[in-house]
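Below, chain A partners chain B and then partners chain C, in two separate complexes.
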Partner chain A sequence: MMPELPKRSFLKEWHVIGFSLFLVFVILILMSGKSTGVGQDFSWDQFSDLWIKMSKPDWSYLPSVMKPIEQTVQMALAGTLLGGVAAVPVSLLAAKNIVKNAFVRGLVRFLMNLTRSLPEMLLAALFVAVVGIGAFSGMCALAVFSFGMMFKLLYEAIETIDEGPIEALKAAGANSFQIIVYAVVPQVFNQFLSFFLYTLEINIRASTVLGYLGAGGIGLYLNTTLELFRYDRTSIVILAILAVVIVVDVISNQLRERLA
Partner chain B sequence: MNMKKSLFKKIEPWAITVVVIAIFIWAFSGIPLTGIKDTARQVFFSIMRGLFHPDWSYVYTGDGEDLVSALLETLAIAFLGTFISAIIAVPFAFLAARTNAKLFAPRSAFGKLLLTIIRVFPELVLAIMFTKAVGPGAYAGVLALGFHSVGMMGKLFSEAIENVDHGPNEAIAAAGGSGLDGLALATFPDVLPEFMNYTLYRFEISVRSASILGIVGAGGVGAPLIFALSTRSWSRVGIILIGIVVMVTVIDFISGQIRKRLV
Partner chain C sequence: MVSKGAIQVEGVSKIYSNGVVGLDNINLSIKPGEFVVVIGLSGAGKSTLLRALNRLHDVTAGTIKIDGDDITKASGKKLRNMRRNVAMIFQNYNLVKRSTVAKNVLSGRVGYYSTWRSAFGLFNKDDQNRAAKSLERVNLLDKYYTRARDLSGGQQQRVGIARALMQEPAVFLADEPVSGLDPKTTKLVMDDLKRLNDEDGLTVVANLHSVDLAMAYATRIVGLKAGKLVYDKPIGEVQEEDFTEIYAEAGDKK
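Let's turn to the complex of A and B:
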């Protein structure tokens, strides 16, 4: 007698769940395609014209982008510092092993999640509307953005520290301020620096385009050269952006490797 | 000799501190504080009032010019962009993955360089370029995101490929399987959950990116926001901001739940 195969349910035998998920996925793609108008004419003339003009960069424009590039880096540094420092006390409030009150933790995390859901360009648009055009708006936008990001990275790091030193200090009668300074900070300090550099990398990238909305830095030149159809100058701006981003990434990666 | 080293060690932290402080003084010196508008306070409170008294009538009007359709378009851009780039990223990832232990790997180095260039190229600039090719609209946004995300996903995918367990591959080779068999039966099943995880992660980021593409006319919810900001209709700004926050939060939550089950 042939050994009987174990019976499979109808759902499993015909892979109903897998097939229906696939179907949903295909429908989603088709609907998205319809809503975004994918498949319209792609004008290769225009596109290649753009690239041909950009492939002959106007090097004489290089000196005039140096100053805004400098401001871009300054904005990113200042914004990251403000946001990063502000994130420290707030992330302590959200860490499970520091604050035992679940309500406070939940509230802090909820508010910070709301902050984190806004991309930096939107923050820049808001700050330009409130504060006005200039690097100050850019710095504020980057500060709020880094605040949210550093907060998340930091409180997760604080939650994974070794509990031993905290308990030892508690047993010796230390107050919570002393516990934070002598047990928490030494354990997360290197990680803090590493997160700081990582946030800085992202902010450098962001700050290069913030100027498009008038929030300071090189992005403004992106806007003006494109509007004047000076693509030969646009390519200088893009090359400058690429150079800054790559240089900062390399330096930051080196430093982070040493910290780890 | 020993003394000198300890002296250097004593000075080192102070030197670093001084350098860091100098860098930040330089950074803050470049931020002009004079550009702040006199109306800043007033505008701030107007936006706050707008946030608490949002323009609910804008949420759904049925003519396709409302918040819901703008948000759906944003999601569609992010979804399609991520889908396209997830597919394009796979060959790039295999190109960039370092699979042999030799000291110099030109193929992998070339792939990594390529991916870095794609990743570093600002997506807003890409979006502007694509609007020149296909005209303003969501299609340009899809193309920009689809191209830009390849850089990040290719990098993450290639790292997943590098961390693959070689055992199954060797077993298939020992049983007489070809390289393609090894790829299809050992490597792919191993990296697929990670690929999906990274794709979902990138989708979360793409939703955020897609909501700003409207600034350059590449579709999504960014355009009505900029328009509302420039016409100072704060209650509309309020409802759009609430819409973006809700959309991003919900997507993050769903994607996080799926990713938890994948790993």
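Let's turn to the complex of A and C:
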């Protein structure tokens, strides 16, 4: 004979609350879809046309995208390096275990959060307006973006280090700078490199679209080929971006695994 | 023999910001070359006292003089120079686990270097030799290039001793240096401390949990209880029964 299980109420037995919530969400999604116009004027003909054209890449276009692809990678590298290096001293100022003064820490974090609240596309638009069209503004945008991102990752890493060596260095008569060099940096250096590679991955992807705003790189070609309806060339641009992203991801993952 | 390393603790109290009394009017005079073991229950203030001696903790009242200089009033460069003279080893060894043994040991010397020279690791030949000698004294010279995390607990503690030796201290503080080590490693570490005490005439102040170890190594035993100094005798006058009193808790039967 089966052992008798304890009785549950009707509501729980049939999961009434769970099913009702599910239904509410479905209705909400349908309503928001209707009000934002999702599903209207969608031309399957256009869509299939695009796919058909893109499936026949114009390989003769490949040599002319090599230069902008190279520029894209350069932008990402230079931007990440500049932003990442600049983030080191600032992240120390925001770490609880390095700067005991809550006001200084709060101020630094607040200012940095302002930087981080700007997405890289907006930054690129700003730099294009200030510096002018070209890869330099793209690099500046990526530098500021990497700075904000590296700052956050780094100061959080610094806050999780073992405090023991700090105490030991203090007891040895070291000054604050020496404590940072001998007790803090060795503990976070590998993480720093790992964050750097991760930011580089993100920046490679971001830099491919910055060209849309005139901030240099392959994005410009993506824009032009789409506007000329040369989808056969668009697919070359996309394939080139894909290749670069995959190569950088693989290298970065390999290195980061070894750094862990 | 060096006759440095005198410690004069006068009326020292420490009240933590949450109101807990860490130390309560401690008076203690330690002569150069003594091997003082501080015993007491957990929370009796042993660590607080030790950390007050090199000012890792500030005290609320009283003065602590190391060879006549008051460390509780020192600041900046003067404080760092005084700390150089008072080396410390820790319960958790406090090594940078990712760094090599050599780098950990050399880091004990940074108090003698300018900010910029030490930032680039420009240790002179003498200090590199000194690091090798320090490691030789704790029998770990063969681990020079090993990463600290690849060493056993006892080896890490002895690297800690080598690092502390780089300071050329007059006083050697040891905060529960052997808790968590097996008996054999415990003996190695304690013997190292004893040798420094005998050969270099360093003043050693160690917190220990084990009465047996205290009896075996100390020249003087000091007992703390609830932040108060309740016991202070040279080893010759110490009786086994004395410890029950120090380790007695409020609810215990007599």
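Convention: the second predicted complex is superposed on the first by the 226 of 260 C-alpha atoms of A that agree within 3 Å, B and C clash if a C-alpha of one lies under 4 Å from a C-alpha of the other, contacts with A are read in each partner's own complex, and residues count from 1 in each chain.
Assume a contact is a pair of C-beta atoms (placed from the backbone, for glycine too) under 8 Å apart; a residue touches a chain by one contact, two chains touch by 3 or more.
As the structure is a computational prediction, the values presented were derived from the model and not from experiment.
Within the superposed three-chain model, A:Pro119 lies in touch with chain B and out of touch with chain C [touch as defined at top]. After overlaying the two complexes on the shared chain, residue contacts for A:Gln178 are found with chain C alone; chain B is out of touch. Of the two partner chains placed around the shared chain by superposition, chain B is the only one that A:Met31 touches, whereas chain C remains out of contact.
In the superposition on chain A, no contact is made by A:Glu159 with either chain B or chain C. In the superposed pair of complexes, A:Ala168 makes contact with chain C only, with no contact to chain B.
Touched residues of chain A were counted for both chain B and chain C, and B has more of them. By the touch criterion defined above, A:Ser43 reaches chain B but does not reach chain C. Interface residues of chain A facing chain C in the complex, by the touch rule stated above, are 162, 164-165, 167-175, 177-178, 181-183, 186-187, 189-190.
Residues 23-24, 26-33, 35-37, 40, 43-44, 47, 72-73, 75-77, 79-80, 83, 116-117, 120-122, 124-125, 128-130, 132-135, 137-139, 141-142, 208-209, 211-212, 215-216, 219, 222, 225-226, 229, 241, 244-245, 248-249, 252 of chain B are the ones that touch chain A when the two sit in their complex. Within the complex, the chain A residues that touch chain B are 28-29, 31-33, 35-44, 46-47, 50, 70-71, 73-75, 77-78, 81, 113-114, 117-119, 121-122, 125-126, 129-137, 139, 205, 208-209, 212-213, 216, 222, 226, 238, 241-242, 245-246, 249. Listed in rising order, the residues of chain C touching chain A in the complex are 54, 56, 80-84, 86-88, 90, 92-99, 103, 107-111, 113, 115, 118-119, 160, 163-164, 166-167, 173.
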